[in-house]
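Residue numbering begins at 1 within each chain, and the chains themselves are lettered A, B, C, D, E and F in the order written.
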């Protein structure tokens, strides 16, 4: 089976950022995303979620370049002020050219 | 006062709220499913709007005029007074002061409903158009506080350093306004008001068993959940400090008293004035938190959530409502 | 006609639907929790079945015979007519034509319920056994259209190229039939019918406040959700083209008129004929979409979902039902 | 007996349960949304408690004394008898025997409610304080069985090998007790009892349409879900073996008979004795499974879940309740 | 800690395929799976989900051979006609021999 | 963008273990976690979930040392008696020092 090596960017953050982050994804050129509801704890306010909604996990398969650009935006505009974590993993994608 | 308080405490609403707090303190696993909570709040807001709309369809604009005017006045005054108290007396940072003020400038729908039920139990039902007033009070409150916060922070930043990143630019006010105006609670309540107005008593009849017959029971379940949420925040009481604790109980009494007074002047009945006072006294914990989180992320959620949910909400539910009612009764007796 | 339309428009059902559409157009965040939507539809289908079953237990087989015959006839005719119109006049590919036809051959339970409520408001309640007819109409419609689609596509493929991958082999019809027969709506409605029949009026009494008293209110909430769903599809109206727009409003009138006529001939009351017409006119958007998606994945969901949900459903709810009722009244007057 | 059975079988409760089983057997996709299931059980438990509390507020402690004593006796006896039968006759390993015994020592709230509804239909309503007895029976049962299991397993292990890893150390009993005492069902039922007691008939009035009017209907939906759950376990009947099949039907009759007898002696009415018997006969499948899974993970869940859910629950719902009722009638006739 | 290197195959697709894909997993010899509800957008009909149900994410830890075979089936029978994405990641599994 | 290579430990297990496993995470020194509801099948009782609640997926980004320690605890105290699976994947985390 022919697969393409690509980058999976995973973002976990407070649910309130959903629309804004989906906007950032589109702007950066991501071709798609998968969104899951989740909950979690980290360095900031675990309890907030009760009234402010739980967390979301946003996964997008992108080229390394797009990943880099998104990480830049996140670091600059989101990390200082919101509960959020982001990480990259290497994946092999079927029909990978569709996602670049 | 004592017998009024007793009536309130023996109501299923207050008791369910207490049960929620107690089970949190007992570390019980009890929790309402997320979708049940959302469903109940949709139901309550829509039912509130519908009922209000049906009654509004039988109200003359005349009767509505002065109450509406004083309500808008309250909507402009309460966020400013809250902000100033927090800034000047409490020495809170701008973001926190504005964030908390947005909560106290807005209205807690559940507290409003509980007040409505209470005055009904006391045989002093409020005017049918009070849900209309609620929507008038809801909108300016959050907006004004957020605007104050944004403007003041921009000024402060400009003073500190010239360069300002895009990220720190305040969100456009139009976006925030759209968010509040089209928020779930707005759509359901205003939409309900309009539907209720259009269909009138006759259209309401067949859906009445659902929207009116179930109302108090559904509210009981909802207050159980509110108790669970408030109970979970009790632990934060220590970290918010004594000032906020006092603030969360004294400001409501001041705002509530002012609301009762203005309500009385504008010609509302005892029940109506008590409910208007309750609205002014209450702090939103549904509409305000996400708006503040989005627009003023620098504000610490622990402050505004704990104040609104774990201090002012229980205070109003248990002591406040009977107190504002008592005030309205005294005023009417003069 | 005008006053009938007015009655319909002032009903909480139509108003809630409009509120849903409007809040989508306003880009409000309002949405019903997924589980509430599922719960409401389970409740409505089961309540529909139970009520129908209780009334069926008091119906003679005689009264049921001719209405059942014409209903099966409608079930065989409507998918075929829809398919032919889409293929011949609309020049749609086989899969799309068959996919859309499956929706119009089947029934929208909510439209059915709205029609039932409407004729009741007009003091012309439908016969108690109409839910039975609904199940008779539901099954053959989807099946027939899917079968036509599968057969025609196999023929086309055979003509084009000999080799055919396993993936492209049509799903066995038995599997599709099982899926439709044991679908959630079937089980709840047919199961409800049987339970209702077995327990009779006496067994129904204690659960009546729940299944009958709450019915219209729950339906109002459900229509709010339907409005939200339809509103979300309004943007697709452009991409489906003018033909489908016309199709989605003219075909219902033709099918509806035929249904009313056959209903009248078979001896149904004014209310009964109007409701049978509405069934024939309506397009399923609960049972049909998944069946079509699984069996005819080549069909474009935008076409069938938009036609059923954003064109025909609102058309029937707002204009269609009063129209079919008017037709039935005229026929009865002769 | 036959006519009593017939009344039971024609009730919407039993029929909805059967519908659930049948749709599982038909491999239907029907399932209740997870949050609806949770919401219904919260509603039922709280409503049960509230109703019981209101009635308790009108009961003298005197009337309650002897029934309470025999209930505690049943709570101590049933888990032990279940354990011994499973160990001695069934030759089950310690963990499995204790795990199953915890289920039969505890109570199934839904079976209890079904019995209450049944005796009401027979015009022999149970005493208002039976929910109080339920909570008395619920607690010791699970505890005792788990304690027996933990102690016996520790003894066995000590005999086999000296060294024991931390992981295998039994959970502290205090933790288990806290878990059971603050479990969702406990909080809702005991909390409901207290609230009901405090607010009395007058406070209950406005929420009665919700908590009492909807009760049977909501229970019908819940039993549909129970039928689905039981139906899904029918396939496991083979793997649990004949002994457990017999056990799941004979033990309830013995425990049920004993419960009826003790109830009669303690002065309960026919309805009350029948319901107490049903409680003793029933096996928990809500509170017990998680407690057993956590505390005795060595016990095979297929055994206890299948026995409680697919054997004893349907047995009691269909045959048991009328049987215990018949026993109570016979006793009262002497 | 002893771990075995294995392949994690992640499939995100429209919910309607649930039963069919679980069948494919079993047929290909997968020993287990984990299924999460999610939503997403990609090259096909984001909105469909409203009426047709949201997406599901299906994860299965398998040997490279089984992964290869599943990707073949997916590419051949599902990718052309359904909304679906599939990718592989390397994982180290405790007691890995249970999953081969 | 500066990222730190860290270990993502994923645990899928029966929901009943939630509180206990969160306790183990804290004890082992994990700085946060993300929790998702899911369902699944493996070598043990697929059906149990109906009454005992479905599965949960617990993800935590940790240093290799903490991962090792957690795997030890899981293997010793949980694998023999509960339905559970655990695996590691390499990830590159933004602001990775926060999670060590």
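Just a few scattered comments:
Everything that follows uses one rule, which is that a residue touches a chain if its C-beta (ideal position, glycine included) is under 8 Å from a C-beta of that chain, and two chains touch if they have at least 3 such contacts.
Computed from a predicted model, the values in this text were never measured in an experiment.
Minimum number of contact steps separating subunit E from subunit F: 1.
Minimum number of contact steps separating subunit D from subunit E: 2. Any chain touching subunit B that also touches subunit F appears here: A, D. With centres defined by CA atoms alone, the chain at the far end from subunit B is E. Two chain pairs, D-F and A-E, are weighed by contacting C-beta pairs, with A-E ahead. Of all chains, the one whose mean C-alpha position sits at the greatest distance from that of subunit D is A.
Our note on geometry: subunit C versus subunit E, Cα centroid distance of 35 Å, whole angstroms. Separation between the centroids of subunit B and subunit D, computed from CA atoms only, is 42 Å.
Centre to centre, using the average C-alpha position, subunit A and subunit D are separated by 47 Å. Per-chain CA centroids place subunit A at a distance of 20 Å from subunit F. Contact with two or more other chains is made by residues 33-35, 39, 209, 213-214 of subunit D. Shown for subunit A are the residues that touch two or more other chains, namely 36, 89-90.
Across the whole structure, chains are in contact as follows: A-B, A-E, A-F, B-C, B-D, C-D, C-E, D-F, E-F. The residues of subunit D lying in touch with subunit C in their complex are 10-12, 15-16, 19, 22-23, 26-30, 32-36, 39, 117, 209, 213-214, 216-218, 220-221, 224.
Taken together, the subunit E residues at the contact with subunit C in this complex read 14, 16, 45, 47-48, 50-53, 76-78, 80-82. Taken in their complex, subunit A has these residues touching subunit F: 10, 12, 36-43, 55, 57, 68, 71-72, 74-75, 79, 85-90.
By the touch criterion stated above, subunit B contacts subunit C in their complex at residues 33-35, 38-39, 42-43, 46, 50, 178-179, 182-184, 186-188, 191, 194-195, 198-200, 203-204, 206-207, 209-211, 213-214.
Taken together, the subunit A residues at the contact with subunit E in this complex read 1, 3, 6, 8, 31-36, 61, 89-95, 98-99.
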